[in-house]
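Both of the next two complexes hold subunit A, though its partner changes from subunit B to subunit C.
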Partner chain A sequence: MRSASAALALFFAATILLFSLSAPRFASASTVENLMSGFSFVAILAMGQAFPILVRGIDLSIGAIVGLVGMIVFDLSLILHVPGYLILPLALFAGALAGALNGVLVVHLRLQPFIATLATLAAYRGLTYAISGRQLVPGLTTTPIRDPWLTGIETYFDVGRWLGLSRLVNMPWVPLSFVIMLAVFAVLQVLLTSTRFGRDIYATGGNHEAARLAGIRVNGVIITAYALAGLCAAIAALIMVARFTTATEALGAGMELTAIAAAVIGGVSLAGGVGAMFGPALGAFLLGAILIGLTLQGVPQFVQQIITGAILLAAVGYDRLLSVRRQRRLSAPSTAAT
Partner chain B sequence: MQQPYLEVVGISKSYPGVRALSNVNFSVRKGEVVGLVGENGAGKSTLMKILGGVTEPSSGTIRLDGRDLARLTVAESMRGGIAFVHQELNLFENLTVAANIFIGREPRRGGPLRLVDDGELNRRAQPLLRQLGADFSADTPVAVLSLAQMQLVEIAKALSLNARLIIMDEPTSSLTASETERLIAVIARLKSEGVSVVLISHRLAEIERAADRVVVLRDGKCVGELDKAAIHAETMIRMMIGRDLKTLYRVPAQPPGDTVLQLDGVRTSYRPEQPVSLDVRQGEILGLAGLVGSGRTELARAIFGLDPLKGGEIRIAGAPAAITSPRVAIGHGLYLIPEDRKRSGLLLDFPIRSNVTLASMDAHSRYGLVDRRAEEVSAEEQRRSLDIRTPTVAVKAGALSGGNQQKVVLAKWLSMAPKILVFDEPTRGVDVGAKNEIYGLMRALSDRGVGILMISSDMEEVIGISDRVAVMHEGRIAGFLGRDELSESAILSLAVGRLAA
Partner chain C sequence: MSERGLSLPAALSGHVVQNALPVAVAVIIAIFALTEPAFLSTDNLVGIARQVAIIGIMAVCMTFVIMTGGVDLSVGPVLALAGLAAFYSLDAGFPLPVVILAGLSVGAVVGLANGLIVAFLQLPPIIVTLAMLSMVRGTALIVGGPEQHLIRNEPGYSFIGTGSMMGLPVSVYIFAAVAVFMILVQRRTPLGLLVAAIGDNERAARLSGHRTRLTKTLVYVICGLGAALAGIIQSSQVHTALATYGPFGTELDVIAAVVLGGTSIMGGNGSIARTLLGVFFLGILNNGMNILNVPIDIQLIAKGAIIVAALAIAARRG
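Presenting the complex of A and B:
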């Protein structure tokens, strides 16, 4: 576990070093700022995605939940003129609810997580179009969201100047979204590693049958895991809406793949029960660094996508290798005893 | 005397620590029906695996059609005309009977297109089915067939491969009486056509009727051979057991107290037509014996809330308890130590510490946060009292030996003041030393007033440690035996469905 995180951190450092040497203007304050502002919400999505994966599931619908929550925020603010301090909790609730519904489908209808969330991916995206304020009130398409509670999320702190470092080097401004990401990380990490719920998550993902026999409410645990993924998607949606001061029907499309990639790169095993929060968060920034680096090197978009795919494939392959080895190691001593 | 078609001479097979077969001789002549009987674990399956080419014998010779072979491969076994009809049928329910018979060997037409010739397929399948007296046609989808009919499809498949010996493993275990009649008639037909049959069955009545000769295995040895005239159930039972039982029994500290667990007409989905009633008292170890497939594990699962009850009532300490989930059962102080430790008892990837506290997180957490110190203390305490052999409780459960793993499963429940413990095969895969420790623990628990229900297929264990034994046969309780009535033959007689001897 710890060594896997160390390996990832090392790989991250190597990537940064490589691009700093090869890509023009990569080693600069603006790259760091872009990384923090452009990938903090990806990190949040990846951490959320880690929960369904930890209980041997997957959530393909989080991109669609981002879109749905974004549109709910749009409607509440621009059509219904709900104040921002009410929109924030409503948005989070909507995201958690959409996630919990995924969990209910998986647990109570016994659907394959892949299929259940593929269905809700389509359904949530469709719902987003159906409630789109852009379609209902065409005049609003060019009206930006101005509520300070919402737009306030897109704030930057000149940490460098406070610390007095700016006089020495050009320091990046730290976006609030990065601070939110750190807060989400801290809360989820404690939840996962130090609470009963976290223990239940690992137990359910590690051996569903044994967890059930130990009296753990595995169904509730699984539903909560999906709800957390939805909640994280809602947080990501708020960050994105604040950034663009609007929401479109396509907001968040395809983000689920990036989040899954980041989680798996971050050592969350698709076999369930293995992984924590540090990996997925760093995995997201690693993907971000690679994309920014490649862009600065002038590598075309489609090649970047091929490279992202290759990285995901390598990560999944490595995960598979590890879990096969783990299985072999765990079954070895006791078969000798029988 | 005609030379046997198949003969194994002096076959032995050892697994690390276990001698599954030692110096077994076994032969089958053309057109002969040989019954193969023995208790669970007597070595029947190992012998069959060797004949099928799945397992290699450690020593001995196999003589097939007069050719001496050190071992068989799967292909050689098939080419030699040996075919299997397993207890679990291997059919494709979505395909027709004919397609199943010729799966992988379909006749082709259309030249380079290599289309499957369905007409020819049916034409070839039909005579095979007629030969067996089947009452369904070759183009019937397998999904609509009954279990007995599916078995005929398997036999037809074997015949299509020119099988000269068909080995049937518990073919009648899920058949009705009239279906069993028909199968015995099919066996007679096969015999008349010169096909040999090896019939493995726990139902001795069928062996009595169908077999020309019976071979009895016990503890991996061939302990007897009976000719047609000598085949009697009583004789077979006597040969199947007939070993001295070590005196494992520890006398309980006090006579049993009040009833803690009572099953009243409980029906499980396994055999819903068979109600089961029994009761377990405080300080008592009730053994639940029976052959594999008699419904004991299914009963345990129902008691623990894993499978829904189809009827009847469970009472705990006199009060009706609606046990709908393991959580409810645990709330009543009723715990299950499952048969398959690795699959359902342990989190192999978790340290011993977390496995021990898995079910009692309430006692090991404060304000929702896990109290590592408390976990450490509890786990350490259990490690000492159960003598779990490990340097620290931080070791992963998967790294322990079978006996120590079982102790970890037990430790999980012991810290929670059990009222009733249900053990399913408590010492399977556990070495002899650890076995005795576990028996000692079970008695210590019962002396503390815990009611214990122990499912076991190990006769020595059942007789050695139970205060009382309930024997199951095909989903029902065939009878109860008190401590003074316990003997292998009494249990076995009930287990094979005969009245108490």
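Presenting the complex of A and C:
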């Protein structure tokens, strides 16, 4: 696991170096700013997605949850005129609830995660259309959300000036979304590595049956894992709504695949039980750096899709290589003993 | 886990579960027929068959992939690229058989790549085909660009999607032919047995000396061919080839049809014939809700809820 993170960090550094040398204007403050503001919410989604994958599941519905939460925020703010400090907790609760429902379907109806979240993908997106304030009150389609509690998420800090570095180099402004991402990372990482819940997650992902026999409440752990994915989707939705000052029915569509890709690139094994938060977050920024770099190099967007796919294949191939080695190491002593 | 008694209620519920899908199809037909008589008109029934042909061909061809514990998310862009390949070979003046072969070869190549990577490198199918989805879509956009390519004055090619014989659209005949062929493959050929054996226990199948990797590669090729055929039919139907056909969500509709037919996404049991039931179940549901003017949001929610309900009932079997 540690070697995978180190390899990813090395690959990230190499990518940055390569683009800095080859792409015009890549090594600049604005690139760093674009990366932080454009991919922090992707990193949050990827960290959330890691939890279902850690317990051997998957959540295809997080893009739809982003859309649903975005529309809830839109309705609460523009139609019901609920103040922003109430909308924030309500939005987070709605996301966690939608995620928990996925977990309930997986645990209690014994549906395959892929299928359960495929069905809720359709259902949540349908619900988004059903509650769409854009259709209920057509006049609102061009009204921006102005609540300072919501739009305040799209704030930039001139960190360079505070530190007095701006006089030396051109420092990027740090978006609040990046700070939120760091906070989410810190909380979830501590949750995973230093709490009983974290141990239960790894045990459940490693072997459901063994975890159950060891007295872990596997069902609760799995439902919580999906709820965390939903919660992260809600945070991402708030960031996106703050950026666009509005929500559309299609907000977040297809984002689940990017999040899964970032998580897998970040070393979260689809076989469950292996991975942490650093990998998925860095995986998201790696995808972002590659996209920004290719754009600056003038590579057409279509070619970027091909390259993104190839990177995903390479990442999962590398993951496979590591797990084969791990198995060999584990089985070597036992074969010697028998 | 616990031993099952053979009490009457258990046996009865087992029986109901086995036939849940045919019963469900009959029930929704009855509901739609009673609320809207136009549902049962010949025109509408033929319309349903035509609407499901494209998804149906892909679902029939994906059943084997899912039976082996895999999945193919790349069918949408393959559909688009096959249409483009057909368009460009028409443009170059090739005869119809060559045009169709060009379209199908797209599916064969992508399927072969998927299959080889999944079978020989043993990478997870969901990620491999997700990467392929991205790469094939990119290729389609490079090849075709964002603009529509009109297919005009090609009566032979247009016949595939828009022609009809004895009152039925040609695409329905093609769908039926593919379905019958695949049912025969499943029931009468070693491939059908091998697919079932791999789904049941891949390790055991390999240890018994079967060529499991070759079989797994082959099922992805079949799946790719099905998507390419669907692409040819679609481009012929709408007289247009476009790089963005088969948008995101197409593959999910196909998978839903297969899974509703009782094939487990974890592999194992499955049947092409029951996939057909799943295809028609979703097709009738869509058509009926359209006829009843159910708004799109409620349609999406209902579809999700019905899939969950159907599978939850099926899961009780295990």
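Brief remarks follow.
The rule is short, and it goes like this: the second predicted complex is superposed on the first by the 329 of 338 C-alpha atoms of A that agree within 3 Å, B and C clash if a C-alpha of one lies under 4 Å from a C-alpha of the other, contacts with A are read in each partner's own complex, and residues count from 1 in each chain.
Following the convention adopted for this analysis, a residue touches a chain if its C-beta (ideal position, glycine included) is under 8 Å from a C-beta of that chain, and two chains touch if they have at least 3 such contacts.
Bear in mind that the values here come from a model prediction, so they are computed numbers and not experimental data.
Using the contact criterion defined above for the overlaid structures, shared-chain residue A:215 touches subunit B, although it does not reach subunit C. Legend: residue contacts after superposition of the two complexes on their common chain; A:195 is shown touching subunit B, with no touch to subunit C.
Look at A:81: by the touch rule set out above, it reaches neither subunit B nor subunit C. Contacts of A:328 after superposition: neither subunit B nor subunit C is touched.
By the touch criterion defined above, A:273 lies against subunit B but remains apart from subunit C after alignment on the C-alpha atoms of chain A.
Number of subunit A residues touched is higher for C, counting subunit B against subunit C.
Shared-chain residue A:167: touches no atom of subunit B or subunit C. Taken together, the two complexes place no residue of subunit A in contact with both subunit B and subunit C.
On subunit B, the positions that touch subunit A within their shared complex are 15-18, 304, 306, 326-327, 329-331, 336, 338, 342-350, 354, 358-359, 361, 365, 368-370, 396, 398-403, 405, 412, 429-431.
Residue ranges of subunit C in contact with subunit A, taken from their complex: 71, 117, 121-124, 126-128, 130-135, 137-139, 141-142, 248, 252, 255-256, 259, 264-266, 295-305, 307-308, 311-312, 315, 318. By the touch criterion stated above, subunit A contacts subunit B in their complex at residues 194-200, 202-203, 206-207, 209-217, 273-274, 326, 329-331, 333-334, 336-338.
Those residues of subunit A whose C-beta lies close enough to touch subunit C in the complex are 58, 60, 105, 109-112, 114-116, 118-130, 132, 253-254, 257, 260-261, 264, 270, 300-306, 308-310, 312-313, 316-317, 320.
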